[in-house]
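The letters A, B, C, D, E and F name the chains in turn, as written, and every chain counts its residues from 1.
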Amino acid sequence: MTTVEAAAAVARSPLVILPAGAYEQHGPGMPLATDTLRAEAVAERVAAELGGRAVIGPSLPVGVSPHHLGFAGTVTLTTGTLAAVVRDYVGSLHRHGWRKFLVITGHGGNNATLTTVAQDLLADRPDVEFAWTPVTVLASEVVAEMGVSEVHGHSGEAETAQMLHLAPQLVHRERLVAGTTAHDQLDPLSKVARRGGHPTLTLPYDRLSPNGVLGDPRTATPEDGAAIVAAVVTRITAFAKEWLDS
Amino acid sequence: MTTVEAAAAVARSPLVILPAGAYEQHGPGMPLATDTLRAEAVAERVAAELGGRAVIGPSLPVGVSPHHLGFAGTVTLTTGTLAAVVRDYVGSLHRHGWRKFLVITGHGGNNATLTTVAQDLLADRPDVEFAWTPVTVLASEVVAEMGVSEVHGHSGEAETAQMLHLAPQLVHRERLVAGTTAHDQLDPLSKVARRGGHPTLTLPYDRLSPNGVLGDPRTATPEDGAAIVAAVVTRITAFAKEWLDS
Amino acid sequence: MTTVEAAAAVARSPLVILPAGAYEQHGPGMPLATDTLRAEAVAERVAAELGGRAVIGPSLPVGVSPHHLGFAGTVTLTTGTLAAVVRDYVGSLHRHGWRKFLVITGHGGNNATLTTVAQDLLADRPDVEFAWTPVTVLASEVVAEMGVSEVHGHSGEAETAQMLHLAPQLVHRERLVAGTTAHDQLDPLSKVARRGGHPTLTLPYDRLSPNGVLGDPRTATPEDGAAIVAAVVTRITAFAKEWLDS
Amino acid sequence: MTTVEAAAAVARSPLVILPAGAYEQHGPGMPLATDTLRAEAVAERVAAELGGRAVIGPSLPVGVSPHHLGFAGTVTLTTGTLAAVVRDYVGSLHRHGWRKFLVITGHGGNNATLTTVAQDLLADRPDVEFAWTPVTVLASEVVAEMGVSEVHGHSGEAETAQMLHLAPQLVHRERLVAGTTAHDQLDPLSKVARRGGHPTLTLPYDRLSPNGVLGDPRTATPEDGAAIVAAVVTRITAFAKEWLDS
Amino acid sequence: MTTVEAAAAVARSPLVILPAGAYEQHGPGMPLATDTLRAEAVAERVAAELGGRAVIGPSLPVGVSPHHLGFAGTVTLTTGTLAAVVRDYVGSLHRHGWRKFLVITGHGGNNATLTTVAQDLLADRPDVEFAWTPVTVLASEVVAEMGVSEVHGHSGEAETAQMLHLAPQLVHRERLVAGTTAHDQLDPLSKVARRGGHPTLTLPYDRLSPNGVLGDPRTATPEDGAAIVAAVVTRITAFAKEWLDS
Amino acid sequence: MTTVEAAAAVARSPLVILPAGAYEQHGPGMPLATDTLRAEAVAERVAAELGGRAVIGPSLPVGVSPHHLGFAGTVTLTTGTLAAVVRDYVGSLHRHGWRKFLVITGHGGNNATLTTVAQDLLADRPDVEFAWTPVTVLASEVVAEMGVSEVHGHSGEAETAQMLHLAPQLVHRERLVAGTTAHDQLDPLSKVARRGGHPTLTLPYDRLSPNGVLGDPRTATPEDGAAIVAAVVTRITAFAKEWLDS
């Protein structure tokens, strides 16, 4: 996209989609950029579904990942830095005339910061409508049908399936190994953190899993990944259409 | 509590509970401090259940409430200010020797900021264990049984019930009136924001409801409030015991 | 107070009083919240004297207390955090229409930060009138008549007297003991810090007094406390009336 | 001073004196840098009196002067900026080995910020001893004997006298004119602000005085200025000696 | 790269290369991400030349571009935000063991911020060696031989040539048009800003050029681009080798 | 200058010159304030040349000098603090009506921060024109003719010459000694840093030179200093005139 397309898009495409990810360990078999790749792929498909009513802005390739710092290669922003970056993106695009923003984050560690940005914008830029969404949880029904491990999540069945669908060339299949898959494998404090629901206790992932994986990525299939992505895209698209029509 | 009790508590009571609330409109019938009062009441009961293994620290009487600024009296902190306050509390108590912190927030607008604090603490103070919890959602089963409105939430049946149980003298019963109770009463953009689940769009509450209320507080009873509070206390206590024993 | 009263108060009660305190050691006999309690009590009495021309906003229950961190239980904000909180309170209430703010601080450690807020507001919000006041020093004549110790101050005769008047149930009378009462008990550096007047050297209180007390709280009486509070309330009320009439 | 003298001074001169001033209107007859000049002059004399036990560090030529922004030429720092500058000075000199710091401020607008720095340093750099002092108020007895105006202060008799003594070539004597000299000349709100003592209300100086002057600088004499400076130097020197000996 | 490769790289590849770019107008013919693409391409080639002694970390896809905000699509970070991001990257990778960092920036607007990061790191992380480099100016001899316009720079001959070499599919050749090419086309203030050398006056680019282009991109050839990139890679590689061997 | 002259200057003297320096080691023979003195001297001469079209504002006596912290006496601001100070200066003078600012920095360590201020002002205060300039490099032709050492720079021939011309009484001629003068005297990492041109690696000066000097100040003459200063003043004056006329 050049500035020419951008100028045209201000009028024609009132929604800006910003893909947000992470640069963090995804176990021995998946790339550090896994979450960013998934977010970008979903963003592109949603934009395509919206048929010109949305444009994709610059990515946020690094997110909030302090819980993964125990694993080499992980890069994290503080929550304050990520919030500043998102605000700067929004502030810049606001100057050009955009008012609707949707951040699609492939990384759950960004969720809270995105909410704080939304809250502060209410007071600072009342004419902005700022929304955000995670990816995988939008397809929770699909994931439930996949038959995932008791403990399941980061770099597990669902994320791996998406990568096998979206970027199979970046997955080291031969290295995929199970991480923590059962509640009993957790130490007592980790069990507290993985009780589910609230209260919420945040622990570093090297405590939850020796290899950083929750679940068993070996059972993931590209077909499952395609189903997850399709469900996610459908849901976000429906949301965006309703929003654009409101 | 004096410094004498505090000194004794460092050894005996390894958990500090911090009640967090808000200073924001709660419709025509409930006080601005509703969320703080509920959080403090729950904190006291949980501490009592824990039998000396927890102490209650200073409250956070003002939270993140930009969405209520359209209603007189609402005071909000930015998310950055609230995060700084919580960090300062934790940092001070850390000097005295505490390592476990549980924030009980009566106000959902604080959730995201509390998560960002938890995340940043992972990198900055790895010896701290920081947890937080909302209140009402822990009793979602009880609330479901109450038969609440289609649109239900802020200052609605569940919050009002808690106040009728905890601080009936502060509730102006004669002023309790229904707010937005049905999806059809919402304007199109508000419908998008109240779809449920993700994506998440944050809107100011004067858009969602003319009087700031979601639901019909007139149907609330003190008995329901007692049941909600009991469920919340039970759940947090169970969590805290497992944590303290881990 | 609900949002209904707040909406009415914007027009009728142009002055907002904000009570500020501390959460810090007050010797073995008085609670950590001593300063906040005193500030709130004075605020309520001043507001009553002003007969509807002032409202009381949310408290600032934790202040700037790094000098007390040597004693368990003390929680402090940095000066920057406290300033941010006060600015957020003022900014929120400014949206609703208030322009006159009076912070009553029961804790002298907040004085400087309140002044910095007043200064920065001059440039940032020229339509705001921001005043603040300490408590005990307004009654210096009463205190002088009480016959206090040579070294006298924190948790000493005057503060204890106020608590015996305002919240006797929170004072552990049997634990009240003298702290540092004479200049000769101070080490040389502490003598420098307690010379009186300027230059000003700030030292931690565990250096000034082994038990955190300056003075002898055992001589305090509720009658002295009542006299102090009355003098303080009279002086603040007179100030506020002149201000509101100007 | 070169780095050679600085290296020697770390051992021989354990006290660093930092002169702080302002760059703000001082009426039609005195320079914008009046407060900095006075602070530097006092610093030099105190250092001389201390006979090698103190060194003078870099000046702080601009201070906190938002109340003078109504008059051309005034430059102000926010309180946060000034605090950052002072902390950076202290942090740098701390690396070289200094632990005792005394800021002499010729401008009262800096007082609060200096106190906040002292407070934050207690927690952040417990091995630092940080003191600060104003100038003119140390000579209040001398000033009282001068017979000053009822309203008296900024650019008035005492400040002008000091300048006539320290830098007569920078004073435009022919332009010296009286500013506000009597309480009755003040408008009602200004009277509130000039009541004396607490509560404290901060107002811009263009409201207090049409020409920015409080008092009548025409009655100032260099002899009075010499007496003020001598009293100030004596007092600070005595303080510093006691400190260095403690 | 997965965390497995990252863990191996900490020992084997002591240098981390971080590509930095911009998301800003590049005239009607080149994409907003031009600078990031060029930086990433150079980074990959330098890493290849270094044969395993360097790894490439996450990109900085948005930089400091306030001077391009007059053109649609430009997104800028404030200098403080970019500095925070770079510091967070360095801080994260420092935890894993890396000490040498080289930022390759395709966007000159990032240069100053990168220098400020380098300066602050000297004091905060003395064990870090932080270097940065621009791209095109390293090939100034090649550019000089190309015969560029009198006014030449942003989106001009040299940048376009690089893109024709590196990513020709992203260049809209048919849209390439000359921007400001001669000093006489500039208005007087712009002439001051483009005098060359110091003093330095920064102006927005919509003042310097109606279409945001400085120079005539139509004369650019992929061959020139290849020569520029080769010269840049050679120079950075030589620097990095000398550094790694030192 | 008093506020009277300042008020007149807003209309008559549209350009404000701000001298910026440093407080850092300048070898055994030159004062810590060398850079500030040179900047102020140049500022005065430029202002004189401009005949009333410029005024000189307050100095920035301390700059960004972390690379000199290894030598006693050096005081540094972080880049963020210096930027805040400059912005506060500009913001204050902007209130009075000035729009053109020129910072003359005698210290190269300030260059990057000044550029970041210029960039952020483009977005925040689009009506401001902010320029900055170094000193010595403007006279590079004169310096080249002086016949300086192979390694030459800080406190070397050119800086010393300027001081011998501008403030000979502050130069300890008998202490002037050569520092690092030849590339071969550098250790391998320092050679990388002193390669010249980009990439840029910033190292502390105690690594580059045992006594903090680059070059041989003994060969400096006041005549060379006069020539340097004259060339610098000529160049800045020409720039300013063109600017003021534009």
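Simple rule for what comes next: a contact is a pair of C-beta atoms (placed from the backbone, for glycine too) under 8 Å apart; a residue touches a chain by one contact, two chains touch by 3 or more.
Bear in mind that the values here come from a model prediction, so they are computed numbers and not experimental data.
Asks: Using the touch definition from the top, what's the fewest steps needed to get from chain B to chain D?
Replies: Each step joins two touching chains, and the minimum needed here is 2.
Asks: Please indicate which chain is farthest from chain E, where distance is taken between mean Cα coordinates of the chains.
Replies: With centres defined by C-alpha atoms, farthest from chain E sits C.
Asks: Hey, how far is the Cα centre of chain B from the one of chain C, in Å?
Replies: Computed from C-alpha means, the inter-chain centre distance equals 28 Å.
Asks: Could you please state the distance in Å, as a whole number, between where the Cα atoms of chain C are centred and where those of chain E are centred?
Replies: It comes to 55 Å between the two C-alpha centres.
Asks: As a quick test, compute the distance in whole Å between the mean CA positions of chain C and chain F.
Replies: 48
Asks: Two or more other chains touching the same residue: where does that happen in chain E?
Replies: Within chain E, residues 69, 76, 78, 80 contact more than one other chain.
Asks: Draw the chains as points, connect those that touch, then say whether the picture is a line, ring, star, complete or other.
Replies: Looks like a ring, each chain touching just two neighbours.
Asks: Under that contact definition the chains make a ring. Starting at chain E and heading to chain F next, list them in order.
Replies: Moving from chain E on to chain F and continuing, the chains are E, F, D, C, B, A.
Asks: What does chain F use to touch chain E in their complex?
Replies: 64, 66-67, 69, 76, 78-80, 83, 102, 109, 111-113, 115-116, 118-120, 122-123, 126, 129-134, 137-138, 187-189, 191-192, 195, 197-204, 235-236, 239-240, 242-243, 245-246
Asks: Which part of chain A faces chain E closely enough to touch in the complex?
Replies: Going by the criterion above, the answer is residues 1-7, 9-10, 23, 25-33, 57-59, 61-62, 69, 71-78, 80-81, 84-85, 88-89, 92-93, 95-97, 172, 175, 212.
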